[in-house]
Amino acid sequence: MSNQLDAPKNYSALYHSLGEECREFDLRPVFTGDVFKTPDAKLWAVVQHPCTFSNGAAGVLVAEVVEGSYPSQKFWQGNFKKMFLPEVGDLHFEIMFGQLGFKRISELDAANRIVLLSNYGVNVLMQRWIYHNARVLVATSPTIHDSTSGVFEETEMLFEAEVSCVEAGRPEGEGIKLVTKWLDEDKPNRRGALDEPQLRPALRQELSALVKTHLMTA
Amino acid sequence: MTAVTLRSFDGPLTGLRDTRISFNRRNVESGVRLLQGLVDDPSSLMTLARIAAGDADEQRRQDLVNKFDENVITLNRCSGLVLLEMISASGLSWRDIARIGQVSVASVQKWRRGDGMTGANRANMARLAAILQQLPNHMIGEPSAWLEAKVLPNVGVTPLDLLAEGRFDLVLALATGTDTKGEVESVLDDYNVDWRVIFVDNDFTVVKGQDGRPVIVAKR
Amino acid sequence: MNIPLALAVVEVRFPESAPLTDDQVANLKKSLNGRFPIYKHEIRNGFTSTVNYELGTVANSPIVEVLHHFLARSLQTGATLTSKSLVVETTDYKSWLELKKMFVETLGAVNDIVHLDGYQRVGCRYIDEFRLEGADDWASIISPGLVAPSWNAGPQSTKLEAQMFQAIYSTDTVGITSTLRFGQMSGPPVIGSSDYLVRTNLPGESTFFLLDTDCAWQLPQGLPVPPVSIQEISQLSEQLHDLISSAFLMVTTSKFQTSIEAASMK
């Protein structure tokens, strides 16, 4: 394993969505790495580990996000107190691990989400967060990825079901309830299966069929 | 001097161009093996050794790629929406479809709602659909599941990662010509010669915690 | 008639400089805007190899280089700045005078903003792809003796499919060397087209004769790194170009040279 923090080669790989694109994902539950602009015009990034989200936490740990400069490769291998978010439009941002806060989920739901990280982006954030807090270097691949990808998948499933339900005229939250119930039904097998990558395609197909049936019959 | 550090950007020749000039072996009907690489670039010596060893494999890989190319041409006639439906029916996630198509996830959302794809985007989707169609011909009953699984235990590379970098040829090679660990490692070498450093963690691993969720622990 | 010159490059290398700040990029864009109004940045992967000859080991580490491209609107000419080099290149060559002027003025602008620490190498490289147009063989274009021979063995005859020859020359000037690579090739053109430098009318797969002439001045080992002197670098580039143009005259036939001259006067 490398003895250095990851220095991403391609910055666009850090992101799931940026700026206006995030509007497409308004129904996606709050997740690690999301950057929100609160009404006081401050920016906050969720730094809490993804595993806590599936427990229905009421609030999350956030870190302030400030404007910074374009990070070269060397920057990534130092600057342990921050995570870089380069090329967000024309700007570059930094998540400041020393400037923490706590936000209720309801507060973030009402704020303007401007960045969603990809699974890889979340892994890089978690690597730097772990290093900042404990001076322990954990590889993003495979280790951190293996610990985050299941929860990432769960969040995507919640979003897909929620969008399908809302587009069919159902109230917000119905899709999320449906998926949560489905995952808990076969505890711990179905949720555990999310952590096994080769089982995910079958789960997605099963969920897709479940949502279609639910919308036809309920 | 006992050690020399070379950077691939500091070539001995002027400018930014890759200093290797490759001969197009497909044009040589006699099958004479031509050397690839630049003599004054030491890293090319490793490439030459691999080429010498891999001639037969190279031909087989080429045949697979040719068949794959034919499938792509056929599928490229389908509309973007039809291609998306075919791909998503296999169970691949939208974010992985976006990654392989080299577009944002938001773009895929728009395609799903009927927004048009560019010709280049549709060609990418045709390539992905072609791979999904071709894999069952190589005894892979659940292509999406196979694409999402690690190519080797404890190595953080999946066939999906290879597709995201456009290496459809390596995915086909994995599907057909790799029965041993050594053969898979050879494909990984082709993907990224430093995979043992970048994608293997000798210090930590992930296990199931008491709450059933993944936990990072030190390797014993 | 197709002009064979596919790419002309002039380059200066310098001791590694710090990554460009946003202000420096903005100032460079402003300064080069007249000639190179389009800016693109590229991230390129490479590797560092440390070869230990005593132990017989090679250790590779991945590295990343950021390239700042400043391009003309045609995208056929551009200047690229990295942490260790400035390259000015064109697939739309007009004349040496014009290329040299572009290089010297760009170097001046870069040095004003980035304050380079010195220079260690100046290089000039011309890559020609000669193609047969109506002719049967290379005899009308390439000097005899430079094309590998074919021969007969009774009823069997050989046909040249590919050839690559490389020669490295020193010169009377300390530090100046020339590298000549030439030979017949088959396949796609050596110089392609990309987002960062476009080659229009890109030839398809074909047989062509490559002439890659690279002349460079490299700071001799042990000597101190000289500070940037635009005049000295300009004079060096002139010397290097002289070598390149005389190599072209040596490699090509006088018949071909005459036809090139006639075509350029039209």
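To keep things simple, chains are lettered A, B and C as they appear, and every chain counts its residues starting from 1.
Following the convention adopted for this analysis, a contact is a pair of C-beta atoms (placed from the backbone, for glycine too) under 8 Å apart; a residue touches a chain by one contact, two chains touch by 3 or more.
This structure is a prediction, so every number in the text was calculated from the model and none was measured.
Colleague: Which of line, ring, star, complete or other matches the graph of chains that touch?
Modeller: If you draw each chain as a dot and join those that touch, every dot ends up joined to every other.
Colleague: When you average C-alpha coordinates per chain, which one falls nearest the overall C-alpha average? Tell me, please.
Modeller: B
Colleague: With respect to inter-chain C-beta contacts, which pair, A-C or A-B, contains the greater number?
Modeller: Higher contact count goes to A-B.
Colleague: Please report how many Å separate the Cα centroid of chain B from that of chain C, as a whole number.
Modeller: So the centroids are 31 Å from each other.
Colleague: Report the inter-chain centroid distance for chain A and chain C in whole angstrom, where each centroid is the mean of the CA atoms.
Modeller: 46
Colleague: Indicate the whole-number Å distance between the mean C-alpha point of chain A and the mean C-alpha point of chain B.
Modeller: Those two chain centres are 26 Å apart.
Colleague: Of all the residues in chain C, which ones touch at least 2 other chains?
Modeller: 63, in rising order.
Colleague: Which chain B residues reach two or more other chains?
Modeller: In chain B, residues 197-198 touch at least two other chains, as defined above.
Colleague: Can you name the residues of chain B that touch chain C in the complex?
Modeller: Residues 1-10, 12-17, 21-24, 27-28, 30, 32, 34, 39-40, 42-43, 46, 192-194, 197-198 of chain B touch chain C in their complex.
Colleague: Mind listing the chain A positions that touch chain B in their complex?
Modeller: Checking each residue of chain A against chain B gives 1-2, 15-18, 21, 24-25, 51, 54, 118-119, 138-139, 141-147, 150-151, 153, 156, 160, 187-188, 191-192, 195, 197-202, 204-205.
Colleague: Which chain C residues qualify as touching chain A in the complex?
Modeller: For this pair, the touching residues of chain C are 19-22, 25, 43, 45, 63-64, 66.
Colleague: Taking the complex as given, what residues does chain B use to touch chain A?
Modeller: 89-95, 104-106, 109-110, 142, 144-146, 148-150, 154-158, 197-206, 208, 212-216
Colleague: For the complex, which residues does chain A have touching chain C?
Modeller: For this pair, the touching residues of chain A are 7, 9-11, 69-70, 72-75, 92.
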